[in-house]
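Each structure below appears as structure tokens.
In what comes next, subunit A is part of two complexes: it sits with subunit B in the first one and with subunit C in the second one.
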Partner chain A sequence: MKINQKMLGAAAVLAVTLSATSNTLADGHAVGIADIVGDQASTDDIVSYGLGPKGQRYSPLASINKENIKNLFPVWSFSFGGEKQRGQESQPLIKDGVMYVTGSYSRMWAVDIATGEELWQYDARLPEGILPCCDVVNRGAAILGDKVFFGTLDAKIVALDAKTGKVVWRKKIADFEAGYSYTAAPLIVPTEAHGPLLLTGNSGGEFGIVGQVDARNPETGELVWTRPVIEGHMGTLNGEESTMTGTKNETWPGDMWKNGGGATWLGGTYDPDTKLAYFGTGNPAPWNSYLRKGDNKWTSSRIAINPENGEIEWGFQTTPHDGWDYDGVNEFVVFDMEKDGKTIKAGATADRNGFFYVLDRTNGDFVSAAPFVKNISWAKGIDENGRPILDPENRPGDPAESADGKKGKSVFAIPSFLGGKNWMPMAYSQDTSLFYIPSNEWGMDIWNEPVTYKKGAAYLGSGFTIKPIFDDYIGSLKAMDPASGEVKWEYKNKAPLWGGVLTTAGGLVFTGTPEGFLKAFDAETGEELWKFQTGTGIVSSPITWEQDGEQWLAIVTGWGGAVPLWGGEVAKVVSYLNQGGSVWTFKIPEQLAAK
Partner chain B sequence: MLNNLLKYGVAGVLGLLVIASTGYARPYDDVIDSGYITIFVYKDYAPYSWETESGELKGIDVEVAKRFAEDLGVELRFLVRGADENIDDDLRINIWKGDLIHRRVADVMMHAPYDREVDTRNEFAVLMGPYFLEHMALVVNQKQLPVVENFGRFMNKPIAVELDTAGDFFLSNAFRGALQRSIRRGRTFADVVDQYSSGEVAAAMGSLAQAEWIATQAPDIDSHIAQPPMPGIVRRSWPVGFAVKHDSRDLGYALADVATQLMTSGELAEITARYGVSYFSPE
Partner chain C sequence: MVRLLSTSLVVAGLCLVNVSTGLVSTASARELPADPLNSVMWKNMAERFFPGEHVVIDQRVIVDIPIEVEDQMQLPVTVDATELSDVIEIIALADLNPIPHILTVRPLKAQPFIGFRVKVEQSTPIRVGVLTSDGVWHVNGVNVNAAGGGCTAPANAHSNSQWYKTLGQARAITKRETADSARLAMRLRHPMDTGLAPGIPVFYMNQLQVRSATGEALADVELFEPVSENPTLTLKPLVEDGESELLVYARDTEGNEFEYPLTVPAEVDN
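This part shows the complex of A and B:
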């Protein structure tokens, strides 16, 4: 019976595919690299993650605005189906009336926007033995020419024919059996030497992996260059060794650099002006910072890579010698900052460690840092060179010192290891010059575990649990003025925020909540203007575009991600949330548009 | 296209059936009624459990698992996975919750430490049936280091250890990091065996069973076992048993009886001897 239903399902998909390909994709042109670079200005498509490679998540569309947002209604909802749900963190792409959207468990769909019908589905066959640390999410695809690209949980990158969903090529990013995975949206950048390149980072647990950025020829999937982010590792260019990252052992003891961590798991952004690609790097391995004295570069950092040759132009370490699990992967958003009558070619990032950094994006020089969450305790502040002023009391204790079998020193560090802000991308408005940061107010107790075991053998480990700081809320959407470091307004949410943000020329800020609401706020005041209940938690990033003269909005829904995998007191505010897996689209109905 | 879709469809359904039959760790009666038992062993964990190049499973834990199944009179199925970050993760993934993708669990997890604290903080797993006493030890190249009275010997002699294991954490921490330059971390245990056999390191650190096993794998090297003082190490020895899910205690008791029988009859010592490993009773 089950088999029959599956087969019928398959046949139905096929029928839709045949009929739809013949009419929907007939017109339009293939996506070129100029379309990607200029994605932010062109409102009729979304051909990059972040609504343009700068990652601003700002749309110049203003048809939907503060006055008429009350008339925003759903057009259709598309279910990802199957039994596979969990976290849906994807940002869809839009091209020629087709939506390309990825989902949990390494799946992808093409949907006809006019009707909400499926054109094709691609379902990666995931092998046994993958142990993704933090849910089975995917954050989105890239598109170029007639292909769409996305990474799968078994650390592979796949190019699909945009019309049919058939595999054009499939390449291994890294070995999943060695602990690697892949969840980020790939980044496509222009180069003079090689034409457009497809850039990917890598993901993985703390199994002694090494963060790396790879550049591939999007036509063939062949590697052009590779750049490991840990000092001492060699990069490659055109199949040959290029240069070493940093200087071996400068900031790492012994051979620990060989397995130093620093996974580039959230992908990157690109600036057409400086022609640099910006990637963030994860925390160092092993977790116990007492074993790896030194800054441990380039973990918990932002690095700028020249896409022509894969060389690191500059690096900036937000958390040197990390001991709190403060990944430095959060997106580096390219923008120009007016300060004291000057225009600074800047970039901004809201770090896991709770500080919002502005850097000179041409050279990585530190401009300023300001806390974007409350009561930060791991550091007293950031000094004039951008280094944290540590509070030694709040570095987790050395497990070796609890050898007497006691629980050992316990510290309460703010933010928690899930960060003042986690993966979810912020937005920057060119109208208000404010950043809209989806943040969380939580800390963590860390203590030395008297004994734990790894692969059957005993050692001294650490235990930790996340705790909210305030009784009534964890999530906090903040409007941050990058020039002054001041928070202009704040929206408080009971559950932790885990979705991305979008802002528009209509004076609006959109984000979703785990409670299931897609919400719109006044970009100037933070006043909540509109909300819609989608029926499951939202942990993805909204988009907006124009089609047939109307402004559309879309959001992927489906509760999950890393939050529900961690218990503690946070579990109380999220345990009742139901899973799902859908895309919702919205617009203002014609009858109401004129009003 | 149609063929592919049909294939995927059918494979998907078959996949579901497999998951349905192995998706939960089961009490004794269910195991007996079904006619099979699924037992977890670690991948790349010689001499306890490992896969040969031809795909054959070998090792002490594998043989004990075979005796478990024989005694219950059921078919034996293995679940083989690498170790996660710590025992709590392993218990979650292999015994009570399953992995995120395929949701597969085993009825029994071999080589779980018999430790009250671990047992207490993992409410969905029960640690039972200690059958072996594990120690920390070194295998030392006699020619390079005739005597190892303390770890100071490794200030200037290279020592191999598997990355991210208890031995790695101990060595990294020893003498406030003074041995860091001498540590040669193997990505896998097999790498450690290779490093030692080729003579490029003076010693390797692991459990006593691993140390003895390495010696058997390096017949050209004159090896001795050393257990110098390990200041700051949390346990020099600990009992090893197996884990079952919290509602499968009856299965655990049945298997603990088998383990006791293996110990008292001397069969367990015979099994370990086949791998060149000394047997130490947990009692």
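This part shows the complex of A and C:
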């Protein structure tokens, strides 16, 4: 008797694309790359994160305006269900009457906007042992053709059939057991060489990972190029090594670049004019800066990547040799700035380190910087080249110089490591030419400790605790004039602000608060014009669009994110906040619309 | 063509509505034979899973199951429809499971035969419909007695936090049963989460295909949530003379893909 018995390994994984591409969704045309590039102008859909790849979060819709906003009422609320309520930081997408919204724990729903009913739900089957540093959030999806894309906490990117929610393909971005994760909305950009590409960053800056931007074919998920952001690492193009990022050891000592951090955890923006993709890079690892003397490029930087080949066209470092976790990954918003009679092709970014920077987006040249939070202590200012003028007293001390070598001198630094501004995206109004920045006024005690790298373990080498700097508020929504660096108005909020901002041609600015209010402000004056209590904290970004002749507004709700996890003394003002993951929609009822 | 035995009851198409053309069908549009399993779900199951005009109760569809279920998470079922010719599709159902559809097999170039294991939530009919090329559904089944809870309990895999590391690993046995037909038994590691256990999203192996050395599909299996953890399947693909290579391809609902090359020996061994 001959029986052929075998132990088989998990013989993964062929790149078989099982579903052919169909070109239309339910009752409209499929999302094309031109729709994404032109998303800001088209008001009947939202097919990109940031209401257009420039990331301005500005809508030309003006049906809802300063006069009639008092009549804005909720239409429906959709629950994310079950016990996974916390940490909803997502911005929904809108296409052909369907809302695509992601939720915490790597979930996604399609909702019929007319009725608020669920069309499908996808729940990623996450492995045990995922290592998200800063809550189980997801910030949104991307859409192209008949697919929607989003990243999962186990550092995978998944393409779903937009009609059914079934998995078309799923690819590994990085090894979650080494601390990698994924939370940002992917970015889709056009290229001549490869057609549209799906760009992702990575998360895990607290675990000694290496920040990287990957470009994939959206049809198949196959990698086209990769670009690590830490100097010394090699990129790839079409499956082969391309170029090294920077020059090995130019700004890093020894082997420290190998686990140098620089997580690209907030995704990117794109400018159809320069044809560059802009990504922020996170803090260097470990936090203890004495272990990595030098500028540590490209951590705490903005980099411009050519999507055709994955090469870095320019970089601008906001916090060279960071020692405070000024994880300067903040979004780079593309806009044109009028200054001294000239139009500058600019980009602006409000950094974790408390300064608002304007750069020339064509070449990364420094234009200006101004503080957008108060009492900044780590630097005395920004010099004419864009480098911080450091205050040596306010860098936490070297533990090697302490008596027992275990804890360096502690300093009180402003802003705190959660930043003058964290992940939450600002908005830029084409009408007022102002940026609306969701910021926080807080500082921290921070000190350094010895640390060595161990795979999958936190790689900090620091201790810290956050403290408010004012008694009555932490959160601060500011209107910043990018040309003058002046703050035109400020709205103060007791709890730290952790949600994104939207501005509209109706002269309005929208943002949510941890106290549960979605609020609308006069874009010119900052006067609060409207608010609605959603029943849980808001830490997400509002959107607006037009459907059946009416302007709609939507916001995801559900308290969570990094503040309750890392908040130190701040916990006092947020510990009572209740969870409740859902999405709310609003419009002005028909009978009130004319008034 | 189908051989009609005297014991089989053919219900002719009295109905005015043809389901397969997508027109509206109503429960009374066709007459169903009485259910020998006496299930409250019979009409519903027939409407959902056996569309068309002809449904017969047919003892030639052999459904082999232990009468007493020892383990409601792993109830072994063997379906043998080899007495029927021109089989297009085999559907297995558990009437009273929260998700009744267990699997569908298309024996393209294979014997109309499938062995599998199923989770049962309570005592239920295990019902099998076999569609032949003349459009007739040949239905048979067995009532099983079971303790509750098979579909809503977490998979055993979840007692091990490293379950994802062995995902898709497999054991397989192949032999040549007749001159032109092999017997392939395999077990694949997969939690087969139904989505009904609290806090665990749905996650199961949903496609499996047996292919010849040239890539031709021999048998297509669509699996659903009730298939037991670590799916254990027996199929009988047709094979060429001499030592033959087969490839089993599988994919789960998360898009994980697996391939297993197998060899069928040249000599018959039954």
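Rule of thumb we're sticking to: the second predicted complex is superposed on the first by the 547 of 595 C-alpha atoms of A that agree within 3 Å, B and C clash if a C-alpha of one lies under 4 Å from a C-alpha of the other, contacts with A are read in each partner's own complex, and residues count from 1 in each chain.
Heads up, the rule we're going with is that contacts are C-beta pairs under 8 Å (C-beta built on N, C-alpha and C of every residue); 3 or more make two chains touch, one makes a residue touch a chain.
Just so it is clear, the structure is predicted and the values come from calculations on it, not from any experiment.
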{"item": "Which superposed partner A:T243 touches (first subunit B, second subunit C, both, neither)", "value": "neither"}
{"item": "First, second, both or neither for A:M256, with subunit B first and subunit C second", "value": "first"}
{"item": "Partner chain in contact with A:Y453 - subunit B first, subunit C second, else both or neither", "value": "first"}
{"item": "Touched partner set for A:W169, first subunit B, second subunit C, both or neither", "value": "second"}
{"item": "First (subunit B), second (subunit C), both or neither touched by A:A178", "value": "first"}
{"item": "Touched partner set for A:N71, first subunit B, second subunit C, both or neither", "value": "neither"}
{"item": "Touched partner set for A:E128, first subunit B, second subunit C, both or neither", "value": "both"}
{"item": "Which of subunit B and subunit C A:G461 touches, first, second, both or neither", "value": "first"}
{"item": "Larger contact residue set on subunit A - subunit B or subunit C", "value": "B"}
{"item": "First, second, both or neither for A:V158, with subunit B first and subunit C second", "value": "second"}
{"item": "Residues of subunit A at both interfaces, subunit B in one complex, subunit C in the other", "value": "2-3, 6-7, 9-11, 13-14, 83, 123, 125, 128-129, 166"}
{"item": "Of all residues in subunit C, those that touch subunit A in their complex", "value": "161-164, 166-175, 189, 193, 195, 198-203, 207, 249, 251, 253-265, 267, 269"}
{"item": "Parts of subunit B lying in touch with subunit A, wherever the complex brings them together", "value": "1-2, 5-6, 8-13, 16, 42, 45, 48, 81-88, 93, 99-102, 104, 111-113, 115, 117-118, 134, 136, 162-170, 172-173, 177, 180-185, 187, 206-207, 232-235, 238, 240"}
{"item": "Subunit A residues within the subunit B interface of the complex", "value": "2-3, 6-7, 9-11, 13-14, 17, 83, 86, 105, 123, 125-126, 128-132, 135-136, 153, 164, 166, 177-178, 205-208, 253-256, 258-259, 285-286, 288, 290-293, 399-400, 403, 405, 450-461"}
{"item": "Touch list for subunit A against partner subunit C, complex", "value": "1-14, 16, 18, 82-84, 107, 123-125, 127-129, 158, 166-170"}
